[in-house]
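Next up: the structures, one after another.
The following pair of complexes shares a single chain, subunit A, combined with subunit B in the former and subunit C in the latter.
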Partner chain A sequence: MLIEQFVASGQARYEFRYMPVLGDPAVYAAVAVACANEQGGFWPLHDRFMLADETLFSEAGLRRQVEFDGLDYDIFQQCMLDAATLPLIQASYGEGVERGVEGTPTIFVNGVRVDHSYDAIADAVERALNAP
Partner chain B sequence: MRGLVGVLVALAVLLAACGSADDVEPTGTETSERAPREATVGQAQQQQQSQQSQQIQAVQQQADPQQVGQQEQQTVDDQPAAEPSDPEPQPEAVDHSAVAPEPSIVGTHKGVRSEGRTLGLAAAPVLIEHFGDFT
Partner chain C sequence: MTRPLQLLAIAGVLLLISVISACGSGGGAESQPSATETPSSERVYRQASIMQQQADRVSEQLDAEEEQDGSVSEHRDAEASGEDAEVMASGSIDFGHRIGLPFSRNVVGDPDAPVLFVEYSDYQ
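So, the complex of A and B:
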């Protein structure tokens, strides 16, 4: 809804930042999505994880999804085994901590923290657009 | 003549006995040698299967959020509060400048321009940042 209303119209851009606060499964998922990003496959895998697709937490399920998204599974798997994207996720996490993020989701609109409800974000975007 | 026949019969019985003894011993030796060799191969196969099984289980355990959750819970329960048991990334340990930049591959997602983790135009006046996780 926000994406259609503000991002598709060119009024806002939306950036996801890794903040795995819920332990090892969250880190695992973040590493997987970051590895997909290495091949330009961030958003499809992001969406599947956001749908709480439990099959992604098995090797077979993750492979099925990665291949369905048109990514090279061998490259993806090597990225996962090397944990090559972990420093990036740690850096994102560190930035979140520095900015006072204590839980997820946490939303900032032009650097100002807002409630994560649709209304609060929409109001903040409208205010930012109308600011002199 | 009877004596000759008797001697021949005795000799035949003796030869038959020797022959059967010769037959039995190598078979027994062969069997006793083959048995451990097959067992070794069998053990190696079992060991290999067991190792593969353990590796698969390790991957599955690593990937299974319920089991990971159980392990985490056990870790938290078992360790005294004074000992650090936080498995999460430690931001202090990361030098941000040393992190390799991500590839920003441009594409389209649901009709919206995408560039890596970003949706929308770079020139858009408002930036919405979402700090999130996937669980």
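So, the complex of A and C:
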């Protein structure tokens, strides 16, 4: 919510990158969200998985959510079956490793890694806004 | 191959195995509400074959990128820095706590905002 505060004020934009370090369900969810992203449906499914909605781990539950979000399920399903987004997940994960990410969440502000506490993020934003 | 790429290759193999496992079990979670829709073994084998080919291509592509002048992270930071402004401004979110905010794909917020948050995270 802190990040949204800065995003809503127009001071910042926020990018989510996949770093599935928590095992099979995390990888499955990342592939699914990336497939939704292919149809412009990143945020609704992202938010549902962030809420740890276990119904999404069944095909029926995932289908309900995808269709509720207005996406074409046939296209989505084919994306899942082909693992079409797997290279993106791998690239994002590899990039995180390259940047020294060891756990999640890890946040960078204008390329500088910061702790995800309120004070650290607020200080980083302040420094970024005042940078020449 | 450099250490980061070695780590990436290992991560890629682990991810591949994880995805195969997750999809093969209909999601991988023991607490799934429905276990009646498990993909057929034929489908899983086909999927595994395709994913292996994709993983090989990605590995080759990353090796090629490293031989050129930029790293993957530099490329992605450039993408998120507003250079692809036409893609960035593709809609606004109409629900939840980000309502009204412009978004494009996995990026939300004003493309011209001076601060960029990048969060590496996963789903649990």
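The rule is short, and it goes like this: the second predicted complex is superposed on the first by the 130 of 132 C-alpha atoms of A that agree within 3 Å, B and C clash if a C-alpha of one lies under 4 Å from a C-alpha of the other, contacts with A are read in each partner's own complex, and residues count from 1 in each chain.
Rule of thumb we're sticking to: a residue touches a chain if its C-beta (ideal position, glycine included) is under 8 Å from a C-beta of that chain, and two chains touch if they have at least 3 such contacts.
Predicted model, so just to flag it, every value in this text is computed and none were measured.
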| item | value |
| --- | --- |
| Fit-or-clash call for subunit B and subunit C when the two complexes are aligned on subunit A | clash |
| First, second, both or neither for A:81, with subunit B first and subunit C second | second |
| Subunit B versus subunit C as contact partner of A:71, first or second or both or neither | neither |
| First (subunit B), second (subunit C), both or neither touched by A:55 | second |
| Touching partner for A:39 - first (subunit B), second (subunit C), both, neither | first |
| First (subunit B), second (subunit C), both or neither touched by A:31 | second |
| From 3-11, 21-29, 39-47 or 57-65, the subunit B stretch with C-alpha clashes against subunit C | 57-65 |
| Shared subunit A contacts, counted only where both subunit B and subunit C touch the same residue | 3, 6-8, 10-30, 33, 37, 40, 42-44, 46, 49-50, 52, 54, 57-59, 62, 86-87, 89-99, 101, 104-111, 125, 128-129 |
| Interfacial residue positions of subunit C with respect to subunit A in the complex | 4-5, 7-8, 11-12, 15-16, 18-19, 21-23, 25-29, 31-35, 37, 39, 43, 46-47, 50-51, 54-55, 57-58, 62, 71-73, 76-77, 80, 90-91, 93, 95-98, 100-101, 103, 105-111, 113-124 |
| Of all residues in subunit A, those that touch subunit C in their complex | 1, 3-4, 6-8, 10-31, 33, 37, 40, 42-44, 46-47, 49-50, 52, 54-62, 80-84, 86-87, 89-99, 101, 104-111, 125, 128-129 |
| Subunit A-touching residues of subunit B, taken from the complex the two chains share | 59-60, 62-65, 68-69, 72, 87-94, 96, 98-100, 102-103, 105, 107, 109-112, 114, 116-135 |
| Interface residues, subunit A side, partner subunit B - complex | 2-3, 6-8, 10-30, 33-34, 37-40, 42-44, 46, 49-50, 52, 54, 57-59, 62, 86-99, 101, 104-111, 121, 125, 128-129 |
